[in-house]
Each structure stands twice: as structure tokens, then as C-alpha cells.
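The letters A, B, C and D name the chains in turn, as written, and every chain counts its residues from 1.
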């Protein structure tokens, strides 16, 4: 979290300076570049976006197949339908039975039509929640894999309550009595992504992106120019490295040159190792501790100026364990 | 339960007699008629059925309106739709806030089309369950009112899992941590009825009927003659008096001559009194006791010959509190 | 645990010509004929070859209906199981005309004592309570005996800390038992609520056909719900629905694959893969770290 | 509890000609004009008469958009409330261009300090934590400040054992805060999970418009969900959906009444009946026998 702390201090400094009408931007950017000194990031944010969207990028089921000893896919939300844009089931990985859920894109036009390009509808999120509750009931840890442009923005999706489904998932995941490890493997698009990404640990593949809106959406709405998506990709700070520096994700999983599709085994090995080592760490905690830590994590997100500097104090007062 | 005990003994006697090839039917029927001696039941089962289905028979919302100080109807299952065939909400009755749910028939063609003649679909049962869970969460007792030919037997209903919805309701109601009082106010048709009728106390209005299948269905399937519905109505033993004698329902609420529609205030007063007095009794129990008693009630239903006579013993062994 | 299979025992009691009824259960129309044809692909099938293939058509994968003893032969290690509550029988609680006669006839014709058999057995070494319904006993209908046996078996799993596997096959309620039959829906559902609290899993396997009150109770309450291919599964029967909507039902409606697509079945599993699947699921639900409380 | 209304305080700071902006909030297009017409029925409305009618068109019952101070004037007994966490402001966590300028402009133009106001007040004598969003502050968008204030207010209700009432009005995420904005969806949802455990109720009132990340988080997590008539409520905005499906949306789509019909809103309630409704619901959720544990 030191990166986050530094970033935060810099922002506070900036606010203070602007209140006192001091121009310290130049000095600040020098500090920032020194902090970043040891990095050579010659891959642009837009290139990351393109890699994350690569038609051959490995999907949830491909990773599951690669990292598990054996797995069984399970279907349906028990309410309305099975949503092929969201898969789930039970996978034995390193001898441990995990429940998994994840967005599922296709690799060709036909499969993408069936899977709606990984844009899940309410029944997808409700399937994920059903399987999460099963995991909780039987003490299986939960793995989630995020890879979606966003929840499907269509009439059917709205009619059946996509908002309710996403909201309920976040609430229930946040207090699920079993360890949850989430990985953004491709696109982490807005509410559709976070609808299955409330977890104890969140990882990103190196070329994955995670954002409140697509670069195109940002360009169109905020920059009022749909052609500025590449610029927006940078401004939105949506790369794995950005989010790691913000402390929003816990780690970045290296990809081979050019992206995960060039060597899925390489990525899967690191993914598996990350999952197993983090699972072991989480499993060693008592459930109450696990939930307190998760609670602390999610309540802490946000960056704002508080004149009373009482954020910590406030939460501590409300919940002594904070 | 003495009525039930006697009936049971008679059946056991009969079985024993038939095993020993004794003809005691004549003697038995004399005993039965003596037991029934003080009753003059000149209303046939079929007349009960017709009264239960009377187009002007008071509905759930009419009873709620009549017995409550104030009530608010609440809508929707939070999943797919609001089902007008199943109503629900919060009613203050005698100063106490109850949650209520019930089938809702219409009083004219237009309303019946909207309410599907009180034949609920999955969303209706899921609305009932949602409201039941709310009642549990906030410690409100739950009232249910049964008045349906049955769950809607159509494509939409099957597609969205009417079986799952009814099954889940029975399971959840059976362990709901708040008192439940159910009243069959008109037709209690099969799974569609019991889907909201698992309760601590079940009452029937005098002319209500409650059965696993309609007399017409029974006539067609078992008697192989659709015209024998009147006969079937008697064979199925579906009147309030029958079910009370079996110990399936806990009491029968008197109706005025000709049926409840002739004087709803008369019936509502008795209904309200029944609800409030039974609520007070149930509320005085600790929750664990309430649930044990409910468990015992529902596990005990069924009538069969057990050579080892170990039914009681078996359950006691499994659950010491039985 | 070892005990002679009731199946074998009953077989010997039957006249020679009718012995294959027990294995042949399946669909009476098929097995009462001398020559058997697959009802799905219409090709002739040899009895022995069919039996060796778990009563799955070796031409087209059609799953013939099978009864409890045959199901247990396929599932239980060495075909061994311990049966419970086998002696229960109906008391005809409504005094329904002809019920007792039909009941006796069903016993004689099927060689079974009721529409459900409840046992404890091992599958690939995993011990479980296994509940198996038989459609050919009065259409697998649920009366007091069926409800009681299923309830006892579920509670036995709860008490012993065993997983529970439930194979359904039923036309619904035993109408001759009227309201007593209806109450079994609530009773069995409540038993599952009690099982839930023990953390023991319930695996339901839907087989052809499963309809009516059985579908609308325990059949839909599994932690994991499997189904054999193309089984008919529904609440209202197809004819009732056609009567309601006044038109023909679409192809595949109320079949296993349809239910999987509609979100009510976790997975359609071939009969021959069922034992492996159950073993995997039992492991995944029991051998893990243990539910955090 | 009593404290001068911030509303009044800000009003005095504004140049005279702009003071009615605070009351007029509503829809800027309407109130920046000298003559006001109801956007629904197009009839002219008098400012004072409209205000006396809770900013509901007295011709056609159209509910004008109102801001937090106005909402609280209608709800809080004697218009009195105690505000919390009022001083929080953005740090522009992404260094997003022009964000700070827009933020400052929004503060000046609206007279509000952020898109949400969190208070404790009484309604017909019932004390509650009340959270009110204001659409005219940057489209009611949720950034870190909005998420934090809502989270704190919900947790305050949990700590004090007070019911919580939440009026939504938002275009969704504050995009300038990127991922930090997205995280507020999870944060506020988690706060509600914590509130749930205390047994205190959350009543959500959806007002026009409520879309995007706000709809897909706390807006949909009330124990009871009310909505003002004809409010636009959805996840994706109508234009986005029309872009997806390449056709016009049906009449009434994503409106309160539609959501009630689709099962996501408990009841559409007129603004003038809202206070009575909330009082009834608070009583029904608090004064009962107490949840059995």
C-alpha cells in the first residue's frame, strides 16, 4: 500500500497547494517520475486495452481447464435461465475443491453470439450468486474471473433487473463466509465486472483493464469526442499497473510478450500459483477475521479530502474492529 | 387431535380385520355414525365446492381491508415481475404489524383476467417468499390466505420454475423464524395452495375446500368419468370438517347461511379473533419451541401402516426433540 | 452392509415368464412384448445387450425407465445396500374405492413394495443415503408411505452425517390419499430444511418422468440437481398445459435439456456417467476444508 | 438536533436573482427561465404555488426534480435536521482534466457542496438517518465523497439503531474518478450488508432520475423500495439501450410504474404521501415484537 500512500500524499499536497494558490505541479511531476524511475512502460494504455480485447485472449473456461485437475460446469440460476455469458462450477485445483464463476466470451462469431460477447444478463449474476452461496454452505473457496465489456445493456436485461442482480451480488459477496479470490483476466467493464469482483484478494493479468467506463464511453461523454478513446484510456488509469498503484488490486500477474494468448500455459501457471498461495493465506484466517479484513478493504476504497480527517476515527467509532 | 386418533384407530382396525378376513365394515360404520351423531351435515361436499368458488366470495384483500386498522400493499418478487394473482403487504391488525400474503381472485371478468383467477405463477410465490423473509427479518408474524384453483398450469409458469418456487416456499416457510398463521378462505387447490400454507396454525373457513386435486380432476383421472365430479368431491374428503377430523387443520371458522359472501363482516370478525388469539399463543413461545412444534406438526402428517410401529421411535431417535 | 438384493429375492418369486419385468421395468409397453424396440429410435434392442448398457439404447442413447432395484444395481458398489423402512404400507386413509385393490395389484405386478426404496450404500467407496423412486409402482405416485420413507431417509442422512442422493420418477401425488398425499410435499420439503442445517448435501437426479407434486417438492430442492437425458420434468403434465393454452407444446418442452437451459437443472448427465459424477460431487461437498461457521 | 438549515445559509450567500435556484433546483432548464412550464403537461406553473404543492405540478401531478434541501424541508419535522460529513470534498484522484473546475462550478451553481446530503432528523416524530441525493450537483454522480458519505450514514444508522431512509437521484458514476467511483458501488453495498445485521431497516425512495452505478448498488438494496411517480430508473440509460438494440424503447420503459410491474419497486408513492408512508413503514419495522433470534 505504500504506492497508494505516496499517491495520496501527492494529491493532498496538490490540493493544499491549489488552496494556497501555489504552483507546484512541475515539482510534483518530477517527484512522480522519480518514483516511477525504475519502470519502463513502453506499452501504452490503449495497447493494453487492445490486448485485453484480443479475439484470441484466453477465456475463463480455458484458464479453468488449464489450472484444474478436474472440473464440472454447473448451470442455471434456478429462477429464469442459464446465462452462457457467465459460467460456473466446481474445479479441483491442487487437490482443493473450489467453486468458480466467471464471464465467458467466445472465440468466434458463433460462440460469441451464444455467449453474448461475455455480457451477462441478470440470470448470469444470479447464477454466480447461487454458486457463491453453495460455496459458502459447503466451505468451498470461491474464485471469480472477470472478463466483460459490461453487463448487457438491453431491454431484457433491464426488465429482469440487472441493477438488482449486480447490487445484490456485491452485498452478498461482501459478507460471504468463505474466501473469495477474484482475477480480472481481460476486460473489467464497470458494474458488470464488479458484480462478481467483491473479494478478499483481487488480481489482474498484466494486460487486463478495469474501469468504470470504457475508453470509448469516456471519450464520448467526458471528452465529447468519440475519437479520443486512446486518450481516454490513459486518463482513466485503467491498467493493471495503475490499479495496483492505487491499491485497488493486490497483484499483477505477468503475461508473455504480446499477451496471454501467446502462451496460456505460462499465464495459467502463475495464475494457479497466485490462487493457491493466496487461498492458503486466507484459509488460515478464522472466518470472523476474514470478514473483518474484507470489510476493512472495501470500506477503505475512495479518495477524498476530509477537513476533520476523521475517516478512520469515524469508522473505528462505528465498528470497533475497523 | 382426538378425532384424528379415533379415525386412525378405525382404519387400523379395518386393516387388521381385512388381514384376518373379518367383515366388520357394518359395525364400523355404525360406530362412525355414532361418533358423528351430534352433527347434521345436510350441506353436501359438492355444495361446499360451489360455495368456495362462488363469484362473490370475499377475497384476500377484502378480508385484509376488513380486519386491519391500516394496511399497505407491497409489490414484486425482485426477480421478474409482480404477480397480481398473489398479493402481499403489511397490515396492522389489533395494533400489531403483520405481513400478509395471499392468492387474489377477481370479482369480475376484467379483474379475473388481470389476476389470472388467482392462479399464481412463479413470481407470485417468489413475492410471497420475499415478503415472508422480510417478516422474519423484522419480527413480524406472517398471515397467509389461500384461495386458488391451483398454480397456473401454463408454459410461462413451467418455464420460470413453478415447481421450484412452490418447493422452495414450503422448505423456507417450514423453518421461518416467525409465527405463521394460514387460512384457507376459498379454494385450496393442490401445490398452488400449500405453496403458501406451511404454517404453525392452519384454519379453514367453513365452506372452504382443500385438496390434492380438484373434484373434476379426480373424476377424470381416477373415476375415468368427468361427470362424476360431485361424487369425487365427496370421495376426496376435502371439506373443512373432513380436514379438521383428520387433524390437518386446526379449526373451522363459521360462515353465515349460504356462505361468506352473505356477510363478510360476520366472517371477518371471527377471522380476526382467530388470528389474534392464535398469534398471542404463538408469540408467547420461544422461537426454538415454535420451530420444534412446527417441525413436529409437519413431520407427523401421513397415515400408513408400519409393522415395526417405529414411526415415533424413529423420529425421536433422529431428532431427540421430536 | 451386505444383504441379498431384494430384487433377486423377488425375482425368484415371480413366474419365469415375468422375471425380466424386474430388470425390464422400463416401460411396460416395451417389456411386455416379446420383441423390444427402442421407443425413441424404433430400432430393435436385445434385452441382455440393453441391460449391459445400463438400459440405455445402444443405438440412440435413449434412457429407458428403470426401477429402484435396477438403479441400485448400477450405482451401489457390488450391488450391495442396506434397505430401510421397507415394511411400510398404505392404510387407505380416505377409504378411497378400489385403492387397496390397485395397491395390491401394483405390488404383485411390479415386485416392489412401494414407489420408493430407501437405502444406505457405497458408491465408489463413498457412503451415502440413496433414495430411488420407481415409476412403475402406481406411476411413482407419492402417498403417505412414499413421503414417510423419503422423510426418514433424509433425516437419517442428517443424523448420520451422510450425503443424500435422490432419484426421482413420479407422476405426482397419490390422489387416492387426497390431502394426506398433498401434505407429503410439505413434509419432505421440511425434512430437507432440517438436512440443510447439518451441512450435508442433497443431490437430486431427475429421471423420466418426474411431474406433479414430486417435482414441486423434494425434486427441486437439491444442492445440485442432475437429470438424465430427455427426461420429462414438470409440474403440470403436458396434456394439462395443452388444455390450458389450447395449442401444442413446443418440441423439447419440459425435457431435461430444456430445464437446464431454463436454469433449473445443474447438468444433464448420462446414466453411465452418473456414478462418477456423484462421486466427484460427494468429494467436492465433503472432503473440503469444512464450512466456516 | 436543531441547527440552522444549510439551505438557508447558502441562500443568503447567493445573489438575490439566483436564490430561488435552491428551491427551484428541479430541472435547470425550467427554473432558469423566467416563466415556468410543467415539462409534462406544458401548462404554465406559478413558482410559489408549485412550491406549496411540494413541487408537484398541480395540473398533472408531474413530480419536478428537487434537491436535497428542498426534500428535507418537506420531510423533516419543522424542517430541522442535523447534517453529517458535510465538509468532504474531492481530491481528483485520477488527476482528471477539468474535473476540479467543474466541481467548483457545480458547487457555485447549485449552492450544494456535493451530490448527497446525509442527516439525522425526525419525520412525524420518528427519528431516522436520512440520505438525500441531488441530481443537479454534477448529475448526482457518485464519486469518493458521495460513496463515503452514504457509507458513513448507513453505518451511523447501524451504530445508533436508527432506521435509514435513502432518496436516490443520480446519473450514475462520477466518471472523472474512474475506478474509485466504481469501488463506491461495492462499498455502499457492503455498508448495507452491515446494516442488515443490526436488524435496522433501509427504505429506499427512487426519484427521477436514478441510473447507472447508483441504481446497481444501494438503490436496489432497500428492505422496502418506494419510487416517485414516473421517475426514470435503470442501469443503462435509454440512449445506450437504443444504441444496443437499434430501435426505440417502448413507452413507459424504465419508469417507476414499469419497475413496480417488473417486481423491483414495492410501491409508487406520491411525494405528498411520502412522509406518511415512511412513518407507517418505520413503525411496522420497529415497533413490533422484535425479531426472534
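One rule holds in what follows: a contact is a pair of C-beta atoms (placed from the backbone, for glycine too) under 8 Å apart; a residue touches a chain by one contact, two chains touch by 3 or more.
Owing to the predicted nature of the structure, the values given are computational and were not obtained by experimental measurement.
Under the contact definition stated at the top, the chains bordering both subunit C and subunit D are A, B.
The chain pair with the larger count of C-beta pairs in contact, out of A-C and A-D, is A-D. A straight line joining the Cα centres of subunit B and subunit D is 44 Å long. Per-chain Cα centroids separate subunit A from subunit B by 49 Å.
Here the CA centre of subunit A is 28 Å from the CA centre of subunit D.
Listed for subunit A are residues 78-80, 160-161, 164, each touching two or more other chains.
Annotation for subunit D: residues 262-264 touch two or more other chains. Contact annotation for chain pairs lists A-B, A-C, A-D, B-C, B-D, with touch applied as defined. Across the complex, subunit A is touched by residues 196, 199, 201, 223-224, 260-267, 277, 280-281, 283-285, 287-293 of subunit C. Against subunit B, the residues of subunit A that register as touching in their complex are 78-80, 122, 126, 160-161, 164.
Of all residues in subunit A, only 8, 11-12, 15, 18, 151-155, 157-164, 166-168, 170-172, 174-175, 190-191, 193-195, 197-198, 210-213, 217-218, 221-222, 235-238, 242-243, 246, 248, 295, 298-299, 301-308, 311, 314-315, 317-319 touch subunit D in the complex they form. On the subunit A side of its complex with subunit C, the touching residues are 70, 72-82, 90, 92, 96-97, 123, 127, 134, 136-141, 177-178, 283, 287, 290. Residues of subunit D touching subunit A in their complex: 85, 87-97, 100, 143-145, 147-148, 151-152, 155-156, 158-159, 173, 175-187, 189-194, 212-213, 215-221, 234-236, 240-241, 244-245, 249-250, 253-254, 262-264.
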